[in-house]
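Following this message is one structure expressed as structure tokens.
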Amino acid sequence: MTATMTTTGLGASIVMSVVQLVMIVLGGPIVLGVMAKVRARAEGRIGAPVHQPLRDLRKLLTKEPIHAEHSSAVLAIAPFVLVGTAAVAIAVSPLVTTAPVLAHSADLFVVVFLLLMGSVALALAGLDAGTAFGGMGSSRAMTIGALAEPALLVAILALSVQAGTSNLPKIVAATLAHPSWAAGPERLLAFVAFLIVVLAETGRIPVDNPSTHLELTMVHEAMVLEYAGPELAIVTLGEAMRLGFLLSLAASLFLPWGIATSTNPLNLLIAVVALSAKVVVIAVGVALLEVRTAKLRLFRVPELLTGGFVLAVLSVVTGLVTR
Amino acid sequence: MLLYAIVSVPLCAGLVAAVVPWARWVGWLTTVGNGTVLCLGIVLAARTTNRPAIGALDGALRADALSSFMVVVIGTIALLAAWQGIRYLGVEIEREQSGRRHAALYTLLVQVFVTCMLTAVLASNLGAMWVAVEATTIATTFLVGHRRSDRALEASWKYIIICSVGIALAFLGTVLVYFAALHPLGHGTAFVGAQSHGAGTLNWTSLMAASRHLDPGVMRLAMALLVLGYGTKVGLAPMHSWLPDAHSQAPAPVSALMSGVLLTVAFYALLRFKAIADGALGAGYSRTLLVIVGLGSLLVAASLLITQRDYKRMLAYHSIEHMGLIALGAAAGSSLAIAAVLLHILGHGLAKAVLFLASGEILIVEGTTEIEKVPALLSRRPVLGGIFGFGLVALLGLPPFSLFVSELNMVRAEVAVGLAWAAGVSLVCMAVIFAVVMAHGRHLLLGGAPGPEASIVTPRLVSIPLVSGLVACAAFGVLAWPLQPLLNAAAHVVVP
Amino acid sequence: MSGPGYVDALDLAAGAVLVCGVITLWRRDLRATVSALSLQGIALGVVAAVLAAHEHDVGLGVIAGLVLVAKGIVIPALLRRLVGHGPGSREGAASINVSASLVVAAALIVVAFLASGKLTALLPDTATHLTPIGLATVLLGFFLLVTRRKAVSQIVGLLLIDNGVALVAFLLTAGVPLIVELGASLDILLVVVVLRVLASTMHRTLGPFDLDQLRELHD
Amino acid sequence: MTLFLVGLGLGLAGAMAGATLPARLRVITTAVCGSGACVVTFAAATRVLASNHSVNFHSGAVLPLTGIDLTLDPLGALFIATTAVVGLAAICYSVGYTEHALRSRSAMAMFPLFLTSLLLVPATSSVATFLVAWELMALTSMLLLLVEHRHSEAARDAYQWYATMTHLGAAAILIGLVLLAAHSGGQTFTDIGTHSAALSPALRSIAFLLVLVGFASKAGAVPLHVWLPRAHPEAPSPVSALMSGAMVNLGVYGIIRVGGSLLGGGFLWWWLVVIGLGVISAFYGALHASASSDLKRLLAYSTVDNIGLVLIAVGAAGALSVTGHRALAALAMLAALFHLINHSVFKGCLFLGAGAVERATGTRDLDRLGGLARRLPLTAVLFAIGAFSISALPGFNGFASEWLLLESLLHGFAAHGAATLVALLAGVAALALTGGLTAAAFVKALGIGFLGQPRSDGANSAHEVAPSMLAGMALLAIPCVVIGVAPGLLASPLRRASAVALGAASVTPLRPGLGLDLSGAAGAVQPLLLVIAVLAAMALTAAVVRLVGRRGARRAEAWGCGRELQTARMEYTATSFAEPLGRVFADVLRPDHDIEVTHVAESRYFAQAVRYQTRADDGIERSIYRPVINLVSLWGAFARRAQNGSVHRYLAYGFVALVVVLVALA
């Protein structure tokens, strides 16, 4: 391991993590806004302003929360679990700095299983209302999740096999230390697999249409149908944070340049700017992809995800072969 | 003196029973008679474990550890059979199926049968042993035909014809052994006592002493004939077909005696001859013979048990399987193997006797031996079903019964002597038998729709001998205390 | 009795035993087979007597007389009463025809000769050279048992086997010890009595029957 | 050792009491003796684990011809401790459970006997004693399967399958162990251990494969798992909890004991076979778990899945130790044992929960459950804890062991050798895939079973089960959370047990501390801190929402898309929940759908009712076991002709044999 990290104090790492958290909490909705704007522009419309999602959240917060009559406590707790797990994942992983708080246990498997916990909570909430929509949403979400989660795991695994550890900050640090790795074939395969999984996890176009209200096609939308008011706000915020987190994770893992390795404020500023630039670029790319392709039929999605999984396994194999 | 008493007690009980028409006290008399045989047997066993042998009746009877063990086995099974016989005959007379005279004849023949077995086991002269074994066949023929139905007649005809042929071959084998004994190698024609035609040269002890000088060619032919001949009486492969018919048609106490102990008495004779043959030819020859015959019986039993529909015939085929196992165990030939074989003989005798007696009881209360027609026994008759169930568990070689321990040690002995493949094949056959008997047992004990309500109830007193038999079998499986020294001594008799 | 006379007498008697065995296989009529059986019994008695004379052994002489009486006269008499007259007395359609069974008999005699090679090798004197005949009689008896359908012919087959075994015993060891010999012949007598009783009860219950029809006890 | 023997004695006393005492006293005394046995044996096991030296015992008086040998070493002690914990919970649960079932004299006698034999098996140290304990365990569990046979044909079927397969397994183990014992002098494990190096490679491989078949069938690895989804649902719940929680472990214990300490590691291809078995079992089990709609059958298949995961780790440990990577092997073995313990705990809790649901609602079919969270709140919470643990969500013990499994496989990649790498890769892929499928299965079990509206009046009228049953479940749920939050507690006993398993005492794979901190490589996780962070984040967002947003949620009718009537029949059922997954993996599951359309009387074109049913029965059973059974019965029918009743045919057998013998000896 290269001794890249200066021993930043606990205080400094907390500051860094808070910065990461604030960035993603605000940045997530904005990324959604950017993607919506790009789609509108591509379709010749002016589209809503980029910070429209933030304004929606503020509006929803003031609305009156409603719970379905047969639902139990699960419906109430699930949104907080979603946001909580996303927040911890963000705070812990190396987005802006290679020394976030709890860096010691900022582990690839921890991040994946935290995301899994979030999606399980959401699926249970979907089932809790006892309506056809909730059941359908959860069933489809869990099916896609069952196929996406392994691909995500193995994709990041490819990097950790190369770096020899599953600790994310150390992986980023190692990639910084060996620039030659970044262009390697397994990195490319892993990146493509990672992107496929991101589309599936956050319910973007080829897998699920986020802006749809048609029962036949919706996956994610069906689970949150029962929410209203502040809970709906929290859920959408959670979803936005997960999208932001995954995109920035992709950015920091595969294109780590500019990430702050020391604690002085200048590096931090550069890191923030670099990260938001990278995330915006990726978001625009994804949005353009969404415009070009139509939503896949539900039973074609597994083929896409199996493709992603095979790509991830291939990247691990190439990593091992070219070791 | 002890040996003389052992042989004469059952005979006297039989004669008394023959004189007077059958009554309950006669039944109890024969039971007590067999009980005393058991006690005398235990005394004999205690005496012979550490001292080599006891002679009696100027050398005609002789008891060493092996024969005293067999006396104990005969005593236990005879006691169980006679005790249950009271119930069997009582019901038969009550239902006018047979008169008191016929029952008296039955008791006489059973006691004669037991006496012949005891003489066979205690005979010092191999020729006398043959005569006693042949006499058991004659005694049991009428017992198999006791019910006088045409099925019983058919069974007894097949029984006597096949067994007599087998026994004749065995006599030919004994003659050849005698011929080899008369002209041992290296001693020219003269051999002490050779020309004297005294019974000396057919005595087991003298044959064992001279076994190294016996001519291998003649002994090889003799041993083959003996295995084929006595194998018929043991129910081993080529001449086994009489066993299912005879044991399923005979009355329950008789089939218990025959399956439990007559087969093993014939095997005892084979063991005596195997000791001599091993001295003359080395262990290899008798090992191949016994392995062929043992595996043959196992394969026959496994294949014919699959589509069995009659629970008495199922138990009979089980006897063929266990005799095959014992033959395989004896083929291993080490002292551990012989000890395990003897323990298996006792365990199998107990379990099989209890099962046949229980099946007799089921026949009395249910009226049919068809498995289909006797469903859900456990729910309708818990005690009887329980006894039959645990009997099957014991027979299938599951702990805590002694059959598991003996089978385990037999496999150990077989593998140690290089018969791992044979042990493997036997385990596969036993697994098939386990699955098949479990299927039949499942229908019999658990069954589908519970059959008609239990009209005739078994009195509680009747199940005492059966339960005590099972408890004894379990005790011998768990505690090593009473049998261990006797088994080792008996094993050293066969494998010096 | 010694020297050439002993050898010729022994060969003649043993030859007679074998010939009677073949006759029982050849003739279908039950009465003829039973008389062949009694002839064989007598021949066996003669063999025993010749040996007793040669060995000057009184015990063997007694046994020879016993064999003559039992196997020559008593047992055939028992069987003749069982045979009776009428259709029952002819052997039905045997599983294989006469000529085939004679060919098999010849083959069995060859097998007997091959098998007793070891016996004659141990003690090459006149008596042991004749043991193949005893073994052949045993095989013939067994073959008769396997092919014939009538109860009487099965009893005859069984007795053939016993005669064969007795012949081997006399020739090889000049008779087994007295007690054993007595026990053995008593047993055989009892077996015949039991078979006689069984056959008659079966005749009463099943009428004139063919052993092959007895197939109720099967799996 | 005397403490351990006292424990076993208490168990036997419980069995005696169960068999003899009248009904009222019977349940209490058996429970007291049973729990006493568990506590005492647990104490004995922990003492051995703490002091790290094994105790022996031999007595010639019991078991004729061989005598009995017992040895309590750390590996065996670990298994005994787990069995004791699960046993204690099962007994406490059975006190409440026996108001209706499991009260008969035979059941009350067999249950403590079954527990005692489970405790005895890991302590045996000679071939004869091991086989006696093994067969006793099989016999008692067989009879316990029959306790409720009177009114369920499926129980009798399960009994038949279970009895036959266990016996086949035991026969394979018997031959394997005897092969080893015969060729190495004595029959105690120590003799075999010392002499096994001298045996020929072929013999060692045959013995290992035979033993592997026997133990894999007991553990439920795929080709030999067929009895497990049949036996566990039919057995009474405390028994199936013990079966899944303790008996299945002994299959893995056997493989470790024979492969590791008896045969000293053996060859690489052995362990690749074990990894292969593990991968197939994990994938097949998880898939069928996500497809089945019977609650207990789902749990049984997930046992097959988890045992597959453990076998992958055991195989990896074996492979790594054979190729010389001692440290990595110790880590993999430690991960395997850790996951086995966790599996016993959360699977026991889940089975007891399923039993409580079956007792309260009268059915196990998820399609007829629903809305139980509001009716059985405590059972729901305890079942949820078990479900979250098995889906490996952070904060629960499933996550801790799954993390360790993934770490050991990841660092296993450092080993060279193409075969090992491919096997480890397959293992990681299987682990990842089954993670997703298990999560789907248990969201179905929890969501469909406990949330939403009740789908049958049984579910509707359900009320909370007896407190002792809840206590039993809690006894297993608490360790799920405690081990989940502080996995470091088990580090030292696990290290000592895996050292015995691999014979590599010197390596310490985990640094001391509450979390899991790999000493060999860079990888650590502090579950406690993570849980605190998540809770803090949730509290923070809740506070923000309370501050900014409106309070006082209003109850209203769920969104019905305009329909006025919203009934339970419109809810998603377990079958429909699993239908997409069934469609994705159709070629493996090969479900058979049947659709019945009943038409209106007047015209054929109007359907009155449409009934859709799908059943994914076990593919392997259909393709492998059915043909074998047909073959056997075919052979039976053919062989019957040998005994056709004609005396001539019987005599012909003997005649031919005689002629052959004579010709052969001529």
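Note that the chains are named A, B, C and D in the order they appear, and that numbering of residues resets to 1 at the start of each chain.
Quick note on the criterion: contacts are C-beta pairs under 8 Å (C-beta built on N, C-alpha and C of every residue); 3 or more make two chains touch, one makes a residue touch a chain.
Keep in mind the model is a prediction, meaning the values are calculated, not measured.
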Give me the chains shared as neighbours by chain A and chain B.
D
Name the chain with the Cα centroid closest to the overall protein Cα centroid.
D
Go ahead and name the chain pair joined by the largest number of contacting C-beta pairs.
A-D
What is the distance, in whole Å, between the centres of chain A and chain C, each centre taken as the mean of its C-alpha atoms?
100
Please compute the C-alpha centroid of chain A, do the same for chain D, then give the distance between them in whole Å.
35
Taking each chain's centre as the mean of its CA atoms, how far is chain B from chain D in angstrom?
44
Round to the nearest whole Å and give the separation of the Cα centres of chain B and chain C.
31
Could you say which residues in chain B touch two or more other chains, in rising order?
157-158, 161, 165, 169, 220-221, 244, 304, 307
Using the touch definition from the top, which residues of chain D touch two or more other chains?
640, 643, 647, 651, 654, 658, 662, 665
Which residues does chain A have that touch at least 2 chains other than itself?
none
When you check every pair of chains, which ones turn out to touch?
A-D, B-C, B-D, C-D
If you look only at chain D, which of its residues touch chain A in the complex?
290, 370-371, 373-374, 388, 391-394, 399, 402-403, 406-407, 410, 413-414, 421, 425, 428-429, 432-433, 435-437, 439-440, 443-444, 446-448, 451-453, 515, 521-526, 529-530, 533-535, 537-538, 540-542, 545, 548-550, 552-561, 566, 568, 570-572, 576-581, 583-584
Touching chain D in the complex, chain A uses residues 1, 61-74, 76, 80-81, 83-85, 87-88, 91-92, 102, 104-105, 107, 109-110, 113-114, 116-117, 120, 123-124, 126-136, 138-140, 142-143, 145-150, 153-154, 157, 160-161, 164-167, 170, 215, 225-226, 229-231, 233-234, 298-299, 302, 309, 313, 316-317, 320
Chain C contact footprint on chain B (complex, rising order):
125, 127-128, 130-131, 134-135, 137-138, 141-142, 145, 148, 150-151, 153-158, 160-161, 164-165, 168-169, 171-172, 174-176, 178-180, 182-183, 189, 197-199, 201-202, 215, 217-218, 220-221, 244-245, 248-249, 304, 307-308, 313
Looking at the complex, which residues from chain D come into contact with chain C?
640, 643-648, 651-652, 654-655, 658-659, 662-663, 665-666
Which chain D residues qualify as touching chain B in the complex?
60-67, 127-128, 131-132, 135-136, 138-139, 146, 149-150, 153, 156, 159-160, 163-164, 167-168, 171, 174-175, 178-179, 181-182, 187, 632-633, 635-637, 639-640, 642-643, 647, 649-651, 653-654, 656-658, 661-662, 665
